[in-house]
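Listed after this line are the structures, all set down as structure tokens.
The following pair of complexes shares a single chain, chain A, combined with chain B in the former and chain C in the latter.
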Partner chain A sequence: MNASTSAPKRKLKVATTSLAGCFGCHMSFLDIDERILDLIELIEFDRSPLTDIKHCSTDCDIGIIEGGVCNAENVHVLHEFRKNCKILIAIGACSINGGLPAQRNSLDIRDILAAVYAQPGRGVHIPNDPEIPLLLNEVHPLHEVVKIDYFLPGCPPSGDAIWKFLTDLLAGRTPSLGHGLIHFD
Partner chain B sequence: MSNGQDTKSFFLDDEEIPFEEGQTIIQAALTAGKYIPHLCYHPEFKPHGSCKLCTVRIDSRTITTEDGQTVKIPGRAAASCTTPAQAEQHVESNTPELLDLRRTLVQMLLVEGNHFCPSCEKSGKCMLQGLAYDLGVMSPHFPQYFSKREVDATHPDVLLDFNRCILCELCVRASAEVDKKNVFSLSGRGNTKHLICNSESGKLGDTNLAATDKAANVCPVGVILHKRHGFEVPYGQRRFDTAPISDNPVQYAPVKEQV
Partner chain C sequence: MRTANSSGGGADEKGVIEGVLSRHGHDATRLMQILREVQEGLGWLSPSILTAIADGAKLPRARVEGVAGFYHFFHTEPLGRYRVLWSDNITDRMQGNADLMARMCKKLWLKAGNVSEDGLVSVDTTSCTGMCDQGPAILVNYRPITRMTPERVDKVVDLIRRQVPLAEWPAEFFLVEDNIRRKDALLSHDLAPGDALRALKSPQDVLEAVKASGLRGRGGAGFSTGQKWEFCRNAPGTGSSPAHYVVCNADEGEPGTFKDRVLLSSCADLVFEGMTIAGYVIGAKKGLVYLRGEYRYLMEPLNEVLQRRRAANLLGKSVLGQIGFDFDIEIHMGAGAYICGEETALLESLEGKRGVPRKRPPFPVTSGFLGQPTAVNNVETLAAAALIAAKGAAWYKTLGTAKSTGTKVLSISGDCARPGVYEYPYGVTVAQVLADCGARDTQACQIAGASGLCIAPAEFGRRIAFEDIPTGGSFMIFDNSRDMFEVARNFAHFFVHESCGFCTPCRVGTTLLKNGMDKIHEGHGGEYDINDIWRIIRTLKTASHCGLGQTAGNCVADTLQKFRPSYELRLNVHEFEPAFDLDKALSKMREVTGRDDPGAHFHIAHRKSKSGIGTKAGDEA
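Right after this comes the complex of A and B.
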């Protein structure tokens, strides 16, 4: 950051969400521990599970998205983020290549639902309440649905990796992790 | 410029590398402690030249045009694992262009198979993953194939997860050349090319592969796995957790036969 100016800078608005993820990336985000106090000098949280704000402001600077796209609601949320955030970051393995949820892609969705909900002795009730988001046939990485500006791999990326990535980005550098921080698992 | 009368040398990224007659560029480089990325090259096997990760440029030239501008004419691209070293050659490997090309090749391999590293027993010691880390591959870039591939668990000691095969043929070469068993082959062409087991049923359990065979211990990725040995080394202590793949290049150098 530009240290020479003393005038307070506008804080960057950061929105976060978890789609077809496990919230592990969000938990890992909290592993930056007390550094979150430094971070909060530079950013403010908008829509996020951390604030419980339900929709993105129209002028978010950064959207951080965990998880891939597995149902219709994920698609809507992802579009909301793309529309309202200048920069989108895909965080974690699932957002980047679908991750473990995408291991269902080689199976037929009907077979999966039948195997779970229509076992002999368990009745035949595949949930179809309109409130429940419709499952997609396949789980997709984010960049197959909208343009993603940056990718931060890991399952989850460590707190240190997230810190390095965000501080690089906030300082105007291309984020670079290097050995020990770049991980696919 | 050569050191002595019988030692010849070439230049790799402007550093002088000695070599012996008959050595390939990658063999001489690794022996001299210079890492060139590779996947299908293995110090104990005949080069295969298929993955192209080891691509280098040879004898690029700089010319001055009539209006005084200097222009670089790129030299020919060649796989350093199949190209013999030649005296006074100028070889480039660590250039932004070649690193970009290698990054793209790794990304293509990652989307072609189903590489879910968090659930892969090879994670942390996988050459493809290690290379991706070293090259800074942060995204797959391309759309995933999500190809449908099988798992073969018919063998009592060895599991095959075809989802991760990169078709390097190291297992094919090991089984044919070292074990003399011909357990594996590649079948099909282009997009449909895939690894098969040479038994009547096509299953690994019906071959004579033993867990101690070279072929069962050579796979650079997570296809040929030993049952009951998954995730033995904790996260943080695995091979590429502790050192990047490019560390200590001589570990990949051909073992010198004493004359």
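Right after this comes the complex of A and C.
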């Protein structure tokens, strides 16, 4: 991307978060390496693990979310993003399909907890501190809970794919990954 | 009949399997017939039975299990000594099948889809059984019972409870009527068996006549029959046993179609004669009828017709004494898979495999059954060909329109006074058909089945013909009392059930389409979902491997365009809403933690109503 446009445009506000994900997608985001300097000419980060800002501004342009929805906290964060971002992007297999965390969907969450928190001789003590978010019966991909505008698949998508996707989007083009970035044969 | 839970490989089991296998020469390409006959003898296909069949036919065990698992009418789990299947086409729904099925389940203390605890009976649904003009219909152990009423349900339940063998059930239950309401050139033919064969000149002359007649395939695609036969005739047989084959496509799975059933029960001789003539032209010695599993009851009568024809020298060696003209016909049964109507899936099935469509080219005319040149034709096409051979191309061309010569047999069902079979010269208007069958207050016709075209009253002046509305023959009528959204939703479910699962766009796309329709039905749909549905329809059409996937979105697309309010009235949502109840998604955690405080709930007003009524508080907490 050539960032040297004459008149300085308004920088777009980008928020990111990881819900039921492994942070791998965020790590991959950092794999755009020094291009992040070009990017930062065009955007500013709002709520994000990169800034440690805790809540979205009300006028975010783009929200990027890794991971699916596995607990009540995830639902609240996702709603906050949807409410405050014009465009929401689901990044990575977990956000699009539920991914690895959704492996638990074939089991009953009550059985899982009973097995995990069984203490020999002392019965089952499932933590229920209000501080701990309650788990949902099943893990859901983002688009089952709110409207998602774009999907960026991969586990994780490569830095190059994320770069291409974002530069397309920022330039007003419908993102298109194509050969080498999303499929390889 | 044996009990459902025995699977121990007893002496009778071995005997039955060995008997069937040797009857079929242990021939792996006859696996479909072997599985069906073994199942008819032993009730279901247990693991040990599958192993024995695999050993006997020298097939990998996984191949046999793969085939058994593909077809709806083969069961690898015991499904009761009485297996009841309710035909669940939209026309059956309109005739009240849901209430009747609920009544049956209640009386049998049974949940639909389950087997009773004593292993006696299971009740479930199945795709259109081709009894649309005399529904609601059921299959009991694959025998059709038509015109179900509450009284008939009670009687059936009683017979099952008393474990009366099917053979002793009242004969009138199994009465399937032809309901022929309008005859034209084909259905009023006055040919005696053999007349068309006696009129045959050289194969080349017959081919020229069929070409000159302009006959086009009646199974849907409308390919020139003469050309198909010519390609096939010119293609050489290959390999160690070169041959040519004629295949009659009697799979008739398109919802709302039943005219092939009627042709086979009232004009079987003409159909077989058409196959024989096709064999004469292309140089085939063998013809195969692929008969859908739902028409199992036609097998014995059809075999009797074949026997009569053999006795009259209309089949067999030197047909009508003509040296070198050898031809015989065999009937193969399908096992409840709509996709097997697609000609290449049909050929796979005939060869004893899963009904997955082949890549084309090569086309069946050069590489069909067992890799040999094969002419696959619809039942009606073959009957029409016999008529042409007997009466000449010039006469045939006087019927119909320029690009659609001859007549078309329609299967008419739904909201009309006289459902049944109607034959018209091509070019008849939809309005004419509606008037003739006594349809009133019609708001829509679904023509050519679930994969076909849905038309609104403004289009009733359109014509049944290849140049306007082509159809395999299905013609379903919906009056003003019907909900066209529900029609489309029923078809969306049908395609999920019938997708062969081979290619991702169709396997996944049909389910996504169904999910979208169900979401709207449940009152969670918005403009977002409509857009999503359009996107899925586009992918289905452009990316699917075969005609099933390519056409699976047609009805939703048509109704979205022509009956949009039936969708809009269900849209409750401005932006987006989940298809499930978010607050309920915390139910199990509330249970195990004992929490019920506000923090253990999402404070989202979630509509419970299925109509347009209800409050909308947005999907933000």
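Just so we're on the same page, the second predicted complex is superposed on the first by the 173 of 185 C-alpha atoms of A that agree within 3 Å, B and C clash if a C-alpha of one lies under 4 Å from a C-alpha of the other, contacts with A are read in each partner's own complex, and residues count from 1 in each chain.
The working rule: contacts are C-beta pairs under 8 Å (C-beta built on N, C-alpha and C of every residue); 3 or more make two chains touch, one makes a residue touch a chain.
All of these numbers come straight from a predicted model, not from anything done at the bench.
Asker: Sharing chain A, do chain B and chain C clash or fit in the superposition?
Answerer: clash
Asker: Does chain B (first) or chain C (second) touch A:G98, or do both, or does neither?
Answerer: Only chain B is touched by A:G98; chain C is not.
Asker: Name the contact category of A:P157: first (chain B only), second (chain C only), both, or neither.
Answerer: After superposition on chain A, A:P157 lies in contact with neither partner.
Asker: With both complexes overlaid on chain A, does A:I182 touch chain B (first), chain C (second), both or neither?
Answerer: In the superposed model, A:I182 contacts chain B only, not chain C.
Asker: Looking at A:G67, would you say it contacts chain B, chain C, both, or neither? Reply first, second, both or neither.
Answerer: Neither: A:G67 stays clear of chain B and chain C.
Asker: Kindly classify A:G21 by the partners it touches after superposition: chain B alone (first), chain C alone (second), both, or neither?
Answerer: The answer is neither, since A:G21 touches no partner chain.
Asker: Quick one: classify A:P130 as touching chain B (first), chain C (second), both or neither.
Answerer: It touches chain C, and chain B stays clear.
Asker: Does the superposition put A:E138 against chain B (first), chain C (second), both, or neither?
Answerer: both
Asker: Using the touch definition from the top, say if A:D108 reaches chain B (first), chain C (second), both or neither.
Answerer: second
Asker: Where does A:V75 make contact in the superposed view: on chain B (first), on chain C (second), on both, or on neither?
Answerer: second
Asker: Could you list which residues of chain A make contact with chain B in one structure and with chain C in the other?
Answerer: Correct list for chain A: 138, 140, 144.
Asker: For chain A, which residues are in contact with chain C within the complex?
Answerer: 72, 75-76, 79, 82-83, 108-110, 113-114, 126-128, 130, 134-138, 140, 144-147
Asker: Which stretch or stretches of chain C touch chain A in the complex?
Answerer: Going by the criterion above, the answer is residues 528, 575-576, 578-580, 582, 584-595, 597, 599-600, 602, 619-621.
Asker: Which stretch or stretches of chain B touch chain A in the complex?
Answerer: Residues in contact with chain A: 110-111, 114-120, 123-124, 129, 132-134, 136, 138-141, 143-144, 146, 148-149, 235, 241, 243-244.
Asker: Using the touch rule from the top, collect the residues of chain A that touch chain B in their complex.
Answerer: These residues of chain A touch chain B: 90, 93, 96-100, 102-103, 105-106, 138, 140-141, 143-144, 148, 150-153, 155, 176-177, 179-180, 182-185.
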